[in-house]
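In what comes next, subunit A is part of two complexes: it sits with subunit B in the first one and with subunit C in the second one.
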Partner chain A sequence: MSNQLHQTVVETDVDNDFEKQINVSCLEYLLMELGPLALRITDKLEKYSSSSTRESNGSGNGNDNKQVDDFHYGGVELFQNESLVSNEINNQMLDNFGFQIGKILIEQLIFLKNDGISTKMDEILDIMKIIARDVWKMIYQKQIDNLRTNHRGTFVLIDNSHRLISSMYGPDKHRISGLYLNFSCGVIKGVLNQSAFKANVEADLKSDGSVHYTIVVI
Partner chain B sequence: MSSKSYKSLSDDIWKNRVDKINSEVFTLTYGSIVAQLCRDFTYAEVNTQLEKMGYNIGLRLVEEFFAKTGLGRCTSFKDTSEVISKIGFKMFLNITPTVTNWSGDGKQFSLILDDNPLTDFVELPEDNNAANELWYSNVLCGVLRGCLEMVQLDCDVYFVSDVLRGDPITEMRLKLNKFLKDEVPAGEE
Partner chain C sequence: MSYYLAVIGTMDNPIYELEFGTFKQQNNGKSLLNQKQLELIPFIINSSLDLIEDLQWKFNKNYFKNYDNFNNNFYKLSCYLTFGNMKLILLHQLDDNLKNDDNIKQFLFEINELYVKTMLNPFYNVNEKIKSEAFDLKVKAVARKYL
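The block that comes next holds the complex of A and B.
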């Protein structure tokens, strides 16, 4: 990417407009649970479809397909199921969770802060700034650390420490973090979609723990 | 501890030891999760999924609870009810549900939620099934069940009524089944 533009995201205050407050942990717990939730849903949906095929085959005793419901909730066994974690439906679902939330958040931002933030939405760069600054702060309590663009429709957002992933350790980190990166990508797509832009978004977890989101506007 | 000192403890925690955010993102996020579930499942299954989700949260949330409160064991189930309402709900959702409707044997009580951050701006789908079958805030039942299990209390937690369904109040019921025994984890005897 030649012709890079470096921007340090400017601090703005998006709080204080909404008088009800809650503990930030509530949101974090909820977002962390999205991963297991998606796994359970995927498993259930797969079982619906596979049980109907198995019945028609007349060979279904169910033992071959270990039920996720038998697992101990709260444990990490759910994440050990590799085929489930890398399942396409599952990733699609997290992407979609993010998409819906991104759509709602950007509406809410424009509605609540119409005097606070710049609501100039016709330039894609403005929208990227809103994502990097305001949307990220709403969801992750921190801003994107760096925003780059080649001015030809490709943007790279760099988050030095993803709020949900930075606390993960162990050999499975890469695999599991993928779930939450799908969610983040969904958020970006949701915001862009609501602003009438379509884009491919890919997230890449680097070895130093930072996450690079590459956004290519279609 | 008296209920008055619970209140001052939780006020202090809320004021000084909790990072706070506006509830809107939380409310909206939860809303879109429920909406997504409703697309995929029957309302009964949605209730189950929300409860499971809450249970997982409860298992982890209890750690933060003890880290921030430094509380020891409750002396009675009555004591527990006070702690749940005045400290637990207060330090996470900044609400204090009313404890009421004790059963004669002291093993069941209700929490009345006058204010529920989960349901701000929420309307149930218009079909009658939702109002009859969906417990929108069922995640809270799971959270309480998970937390209580971590302190060796085996409880059933369920909603009895919800203003979202058109009921006059939002009422959660807690029922103590039994005390769980302290168990030494396998291999650590």
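The block that comes next holds the complex of A and C.
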């Protein structure tokens, strides 16, 4: 079934482009949804822990159902809750999402790049190049604009327009963008971890809208 | 002629194991390993991990053929390292008549492909045991094709 579908799509370039655009948009929406998802989980965890301490031997079951009903799936009103957005738990969670994705993504990419043969890579600069070119292209449909290094284990990746953040406007931009930057940092960490490197990654949103990732290899 | 495939994770934890025989020369794929050997094989494979860790940083390659042996060279071990340092180890007999060197290499390459595809599953985490029946069937199909 899927094979047939694939064949019909390849027939014309127009169809191919159209499918690609749909895929790209879907991926972008899913990535955007990561932020609210992490917030909702953190919110639920906090409510759950506070309610369980308050009524430790009360009717826990009925309370649970009520909390599930409180959720508005697809809503973004949680972004207004400042203490929740800056909560350490959900930053860690987004970092972890990225970490898991990065770990798997690099293995796929190396596999695809070399026609099914996994090669070995010892040079960290090679891995940085793969992050800048292939990993970023796969997640954000664009490459990193600038890669700088001091050749002593510090790398700076500069992304002039982050795909998710560049479309954000308003006074909350700086606060909310932190969620998505955590995810990007996690991806970089995951890729490096799978290539046997450990690194501290920090992201910084500059006033001109560019994002600087500073990677210090330990 | 018998084979034994083990996938070893990054923490030296076993992830997948399969014992099978050859399908070449009118064989039916039954392994001829006896109980005593089967008990010994996990030890052989785990003790050979030290050798791999030496070799992997010495040479810039990720396929090591016949890097270890046991039972007086009767059984040999070949290993393929994936990018994420998963070790695909195959225990096999070296038979000059069969010329199965290339087949073993090709077999491990295909197992690598199956493993990469397994990783695409969002419910699978790195270093988790592979319990998927589909993976098992595909490995057996690849074994039938090459070995």
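Rule of thumb we're sticking to: the second predicted complex is superposed on the first by the 169 of 218 C-alpha atoms of A that agree within 3 Å, B and C clash if a C-alpha of one lies under 4 Å from a C-alpha of the other, contacts with A are read in each partner's own complex, and residues count from 1 in each chain.
The working rule: contacts are C-beta pairs under 8 Å (C-beta built on N, C-alpha and C of every residue); 3 or more make two chains touch, one makes a residue touch a chain.
Computed from a predicted model, the values in this text were never measured in an experiment.
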Exercise for the section: Kindly classify A:I110 by the partners it touches after superposition: subunit B alone (first), subunit C alone (second), both, or neither? Expected result: second
Exercise for the section: Look at A:Q100 in the shared chain and tell me whether it touches subunit B only, subunit C only, both, or neither; answer first, second, both or neither. Expected result: both
Handout entry: Partner chain in contact with A:I89 - subunit B first, subunit C second, else both or neither
Key = neither
Exercise for the section: Have a look at where A:S195 lands relative to subunit B and subunit C in the superposition and call it first, second, both or neither. Expected result: second
Practice task
Considering only the touch criterion stated at the top, classify A:V216 as touching first (subunit B), second (subunit C), both, or neither.
Solution key: neither
Fill in the blank from the handout: Max touched-residue count on subunit A (subunit B vs subunit C) belongs to chain B
Problem - Interface residues of subunit A shared between complexes with subunit B and subunit C - result: 100, 104, 108
Handout entry: Touching residues on subunit C, where the partner in the complex is subunit A
Key = 56, 60-62, 81-85, 109, 112-113, 116, 119-120, 125-126
Completion exercise
Listed in rising order, the residues of subunit B that touch subunit A in the complex are 18-26, 28-33, 35-37, 40-41, 45, 49, 52-53, 55-57, 59-61, 64, 91-94, 117, 120, 146
Fill in the blank from the handout: Touching subunit B in the complex, subunit A uses residues 15-18, 20-27, 29-31, 33-34, 36-37, 40-41, 44-45, 73-74, 93, 96-97, 100-101, 104-105, 108, 112, 138-139, 141
Problem - subunit C-touching residues of subunit A, taken from the complex the two chains share - result: 100, 103-104, 106-108, 110-111, 116-122, 194-196
